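In what follows, subunit A forms one complex with subunit B and a second complex with subunit C.
Entry: the complex of A and B
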C-alpha cells in the first residue's frame, strides 16, 4: 500500500517540480537467483572485468569497462548464444557525472533470455563500433552520433541519420531545449531564404493556445467569415455555410435543399 | 446529328451558350483541380480516403498527380519537418501557375502538437497558403468542403490577367 501523504493542500502546491522526472527503480535481484544468467555472468567474468551485475525485470544487466565492449559482445554473441542486438543507444548523465551510459540490449532466441550490456564513457570520449559483429549497429550507432554527438571508432559511415547533415547540435542531450535553440528555430528560413529573410518572415509562434479573434489574417471566423485583412468590429453579420455562390455557377446546378428528395425508405 | 434526333430549335436553343471568358476559364480551372499527392503523415490517410471510391474526389475533377508539373493544388497533408522544408519549397516552385496550396490539419497549419525543434511551425513559413483546414486529422468531408471553398475562390478571381505570382516574400 502507498504511504500516506496529506492531500488537503495538494491543489495549492506545484505537483511537478523536477525538470526530468526520476522514476523509482524496480527491485533488483541477485544474478545467482537465475542459473542461466549466473552461468553467463561467470563466462564473462572469466575474461573481463565486470563492474556490477544484477537482474531487473527478468533481464540481466552487466556493467563492463567501455574499452572491452567489442570483445564482450563478441563473447556474448559467439559463445553465449545471444545472437541478436535488438537495440543500442546512449543515456545522457552529463549533469550527474559527466558521462554517457551506453547500453546494448541482446536477445537469445535459443535461451529465450535477454541481457543488457552497459558501459560508461566520458563526455569527449569515443566508443568502439560493434558494426562488424552486428549489422544492426550500423544505423543505431549513427543515430547515437546524431542524437548525442558520441563518436564511434571504426564505423564505416558515421554520418547523421535522422537530422539533416548540416544540423548543429545534438537533440537528445538533456541540455538541448525541446523547442530547439536559435539555429533550430531559424533552420528552414536560413536554408531556403537566407538569414536576411528572418525579419520578413518573423519568429515562430510557439504558443499553441494563441487565438486572436481580431486577427482576420490568420484566423477564420466560421459562420462570420470576413475577407482576409478586414478590421473586425464585432458586428459582422452571420454568413450561412454555402458551397456555391448565390448567383449559381456556369454549367453547374446549384444544390437546393427544397428541391432535393430525402429518401427515408432504406429498403425501397 | 439527325441520327441522334437532337432538336436544336427546341427550348429556344441553338447549341450555343453565351458567357464571359472569365467564367469559362474559371469554370475549367475550378472543376479540374489536380492535386499533388503530398501525404506527409496521418492526414495523408484521410486525403487518400477522400480520393477513394467512398468519398470520390474524381467527381470534383480532383485527380491526384504524382508530379508537381501536372498539379494545380498542393494539399500539404501532415507534419512538415525542418529536414523536409527545402523539398516542399522546391516542389512548390516546380508547379505551374496558377497554383494553390491547401494546408490540411493542425500540423501543417501551425505545427500542431509537435512544438519541437524538428517541426516547421506551419507551412506558411515556407510557402504561401490559400486555405487552412482545421482538424487532427480532418475528416474527408472537411477536405471536400475545403476543395469546394477553393473552387469558390478560383471562380472569384479574374481569369484573364497577368498572373500575380504568389511569393511568401
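Entry: the complex of A and C
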C-alpha cells in the first residue's frame, strides 16, 4: 500500500521516526523567577487578558487575545519601555488547529530585556495593524501578508513585498510545496513568451538538482556535443576539445598587424 | 496578435510628466549604486523627491521556506548567501540560535576562533562598505585602497576555510578546524598596518570638500525614527542610541574583551561614516586581544573545537573512524539530522550591519517548523520610504550607500 502523505502539510518529513521517542522540551521558567518580567506581566494583566506567560531562553513569552494586539503593544511600548519592534511574523498551524500564530518580538533597551507577544487568529481572520505604533511593522506586515496571506486591517499599503504583485499563492504556507505549484511553474513562461509558447518551452523546473541524461538542450555534453534537439542514443562520436587560442574554434580573429590598418593621425 | 499577459518591452529609467508637473523616476533595479537589486520609484518635483517607494524582492530565494525543508546542518551554507559580504556572521547567528535551542556550551578554543572570524568579517564588511560608498560618491582611490586591505582579510579567511566569500566556517557546536600555523602572525602583521591604512582613507575623505558636502546633514535619521523603523547597528548608533548587542547582551567572549562603542547624535551620512571608521579601529583592538586569548588556549592545552553532545553533534573524526558507537551516531546525524527539543528561541547577534536575529520554532523534528530570519538591512531599506522625501536625486546615492544594505539579506 502506498504511504499516506498528508495534503495539508507538504514540507519535508523525517523518513524515520521512532514511535516511542519523546522529544525533550526547551525549559520554561515561571515569570515570577525574574523581577522585571514579573512587573511587566502584572502591568499587562491589569488591563488585558493574558492566556499564558512563561520565560524561555531568557525571554518572556506572553499569549494574549488577538483583538487586544494593538492595545497591548501600545501599553508595552509607552508604559513598559519596549521601544523597538525587532521582528514580527506568523507561524502556520492550519494543519493542526486551523489557526495562525502571530508573534511580535520586542526589545527594551532601557531594561535590556526582550519579550515576545503572541496571539492566535483563525484561518480567514484578519489582524489589526500596529504600523501606527512602529513604522517597522509596515514592511513586516506586508511580508506576513505576502508569505501567509494574512490580511492586516488599517495597514496603509497592504501589497506584496517580496513576491511579484501578480503572484498567486502564499509561499510560506505548509500547503505550498518547496519547488512551487502549478502557477509558479508557468509564471515566467507566460510572462516572457506568452501562454501560446507553453508547448514549446514547457514548465519551469525548479528542482535544481534534476539532471536529465537524455536532454540534449539543457545539459552541456562536454566532449560529446550534438546539434540542438538531437535524440541521444549514447553512441555519439567523441568531439575533440578545441580552444580558440590554438586556432581550433573560430570566434574572434586574432589581431594581425599585416592585415590591419594602423591609424597614426588622430585628426584624420 | 497582442497577448495580454506578455511582458512588453519598456524603457528603463524613463521619466514622464504628469499634469501636476510631478515626475516619476525609476531608479534600479540595475542601477550601479543600488547595491544589488533595489528598485526605487521616486516622485520628483524638479529635482526634489516628494515620495519614495522602495521595491524589493528581486533576489528573493525563499530561505525561510528552504529552512523548513532542510536539516539544521544542511541550512548552514544557505545562511552564507544572506549577507554575503560578511558570511561568517550569518553562520554564527544561526549556529548560536541552534545552540541556545539545544542548550549547548561551546569549547573555549572554538569560541576564540569564532570571535576572530566574526571580527575579521566585521572588518571585511566595513572595508567593503567604505570602498563601495566612496566609489558611489566618486572617490575611486579609496575604493582601490580599501579593496586592497579587504583582499588581505579574504586571504586570511581563505587560509582558514578555503573560501573567500561564502565561508560556512562555523558549525553548530563549534568550528570545524583549528587555525593554520601562520594565521595569528599574518593577522598581527595586517593589524599592525591597519591604523596607517585607516588614516590614509581618512586623509582622503575627512577634509575632502566633495565628500563632506555629500555627507554632512544629508539623510538625517532622528532617534525616534531609527527606533520606530527597527534600525540597528551603525544606523542606530549614528542616531544617538548607544546600543551594541556585543556590549549590552554579550554573547561568546565579548564580555571578556575591552572595546568602545562609538556613538554619534548627528544621525546624518557623515556620522555613519565616522562610526564605520571608528568601529574598524575597535575591531582591530578586539582582534589583538583575541589573538592573545588564542595563544593562551594553546598554553592551557584547550584543544577541543566541537562541543561534546552525542545526541546532536557528531564525534571527532578520529572517534568516528575508530569507535563503533560514534560511527553509528554520526551516520544517524548525517542522514536524519539532529532533533532539537520542542521550543522556540529568538537569538540576536550584532552582525556588521546591525541586529541579525534567528527565530527558530522547533517541534522536535529534524526540520525547523518555522525559521524567521531577522535581517537588519530589511528595515534599513524600509526607512528609505521616510528618509528620502525632501532630498535631491544625488543624495539618494549617498543615502543608500551609508545605510549599507545588502540585498542577499533584504530579500533572503
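Here, the second predicted complex is superposed on the first by the 179 of 268 C-alpha atoms of A that agree within 3 Å, B and C clash if a C-alpha of one lies under 4 Å from a C-alpha of the other, contacts with A are read in each partner's own complex, and residues count from 1 in each chain.
Convention: a contact is a pair of C-beta atoms (placed from the backbone, for glycine too) under 8 Å apart; a residue touches a chain by one contact, two chains touch by 3 or more.
Everything numeric here is computed off the predicted structure, so don't read it as measured data.
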{"item": "Partner chain(s) touched by A:126 [first = subunit B, second = subunit C, both, neither]", "value": "neither"}
{"item": "Partner chain in contact with A:192 - subunit B first, subunit C second, else both or neither", "value": "both"}
{"item": "Subunit B versus subunit C as contact partner of A:59, first or second or both or neither", "value": "second"}
{"item": "Partner chain in contact with A:178 - subunit B first, subunit C second, else both or neither", "value": "both"}
{"item": "Subunit B versus subunit C as contact partner of A:232, first or second or both or neither", "value": "neither"}
{"item": "Subunit B versus subunit C as contact partner of A:243, first or second or both or neither", "value": "first"}
{"item": "Of subunit C and subunit B, partner touching more subunit A residues", "value": "C"}
{"item": "Touched partner set for A:201, first subunit B, second subunit C, both or neither", "value": "first"}
{"item": "Partner chain(s) touched by A:38 [first = subunit B, second = subunit C, both, neither]", "value": "neither"}
{"item": "First (subunit B), second (subunit C), both or neither touched by A:91", "value": "second"}
{"item": "Set intersection of subunit A contacts, subunit C complex versus subunit B complex", "value": "163-164, 171, 176, 178, 191-193"}
{"item": "Touching residues on subunit A, where the partner in the complex is subunit B", "value": "163-164, 171, 176-181, 184-185, 187-189, 191-193, 197, 200-201, 204-206, 208, 220, 243-245, 249-252"}
{"item": "Touch list for subunit B against partner subunit A, complex", "value": "17, 19, 23-24, 27, 31, 82-83, 85-86, 89, 110-113, 115-118, 120-122, 125-126, 132, 145, 148, 152, 155-156, 168-169"}
{"item": "Subunit C residues within the subunit A interface of the complex", "value": "3, 5-7, 56-57, 60, 62, 64-66, 68-70, 100-101, 103, 225, 227-230, 241, 243, 248-249, 336-337, 339, 341-348, 355, 357, 359, 361-367, 369-370, 372, 374, 378-379, 382-383, 385-386, 411-412"}
{"item": "Residue ranges of subunit A in contact with subunit C within the complex", "value": "11-12, 14-16, 21, 23-28, 56-57, 59, 61, 83-87, 89, 91-92, 103, 105, 109, 112, 114, 116, 134-136, 138-139, 147, 160-164, 171-172, 176, 178, 190-196"}
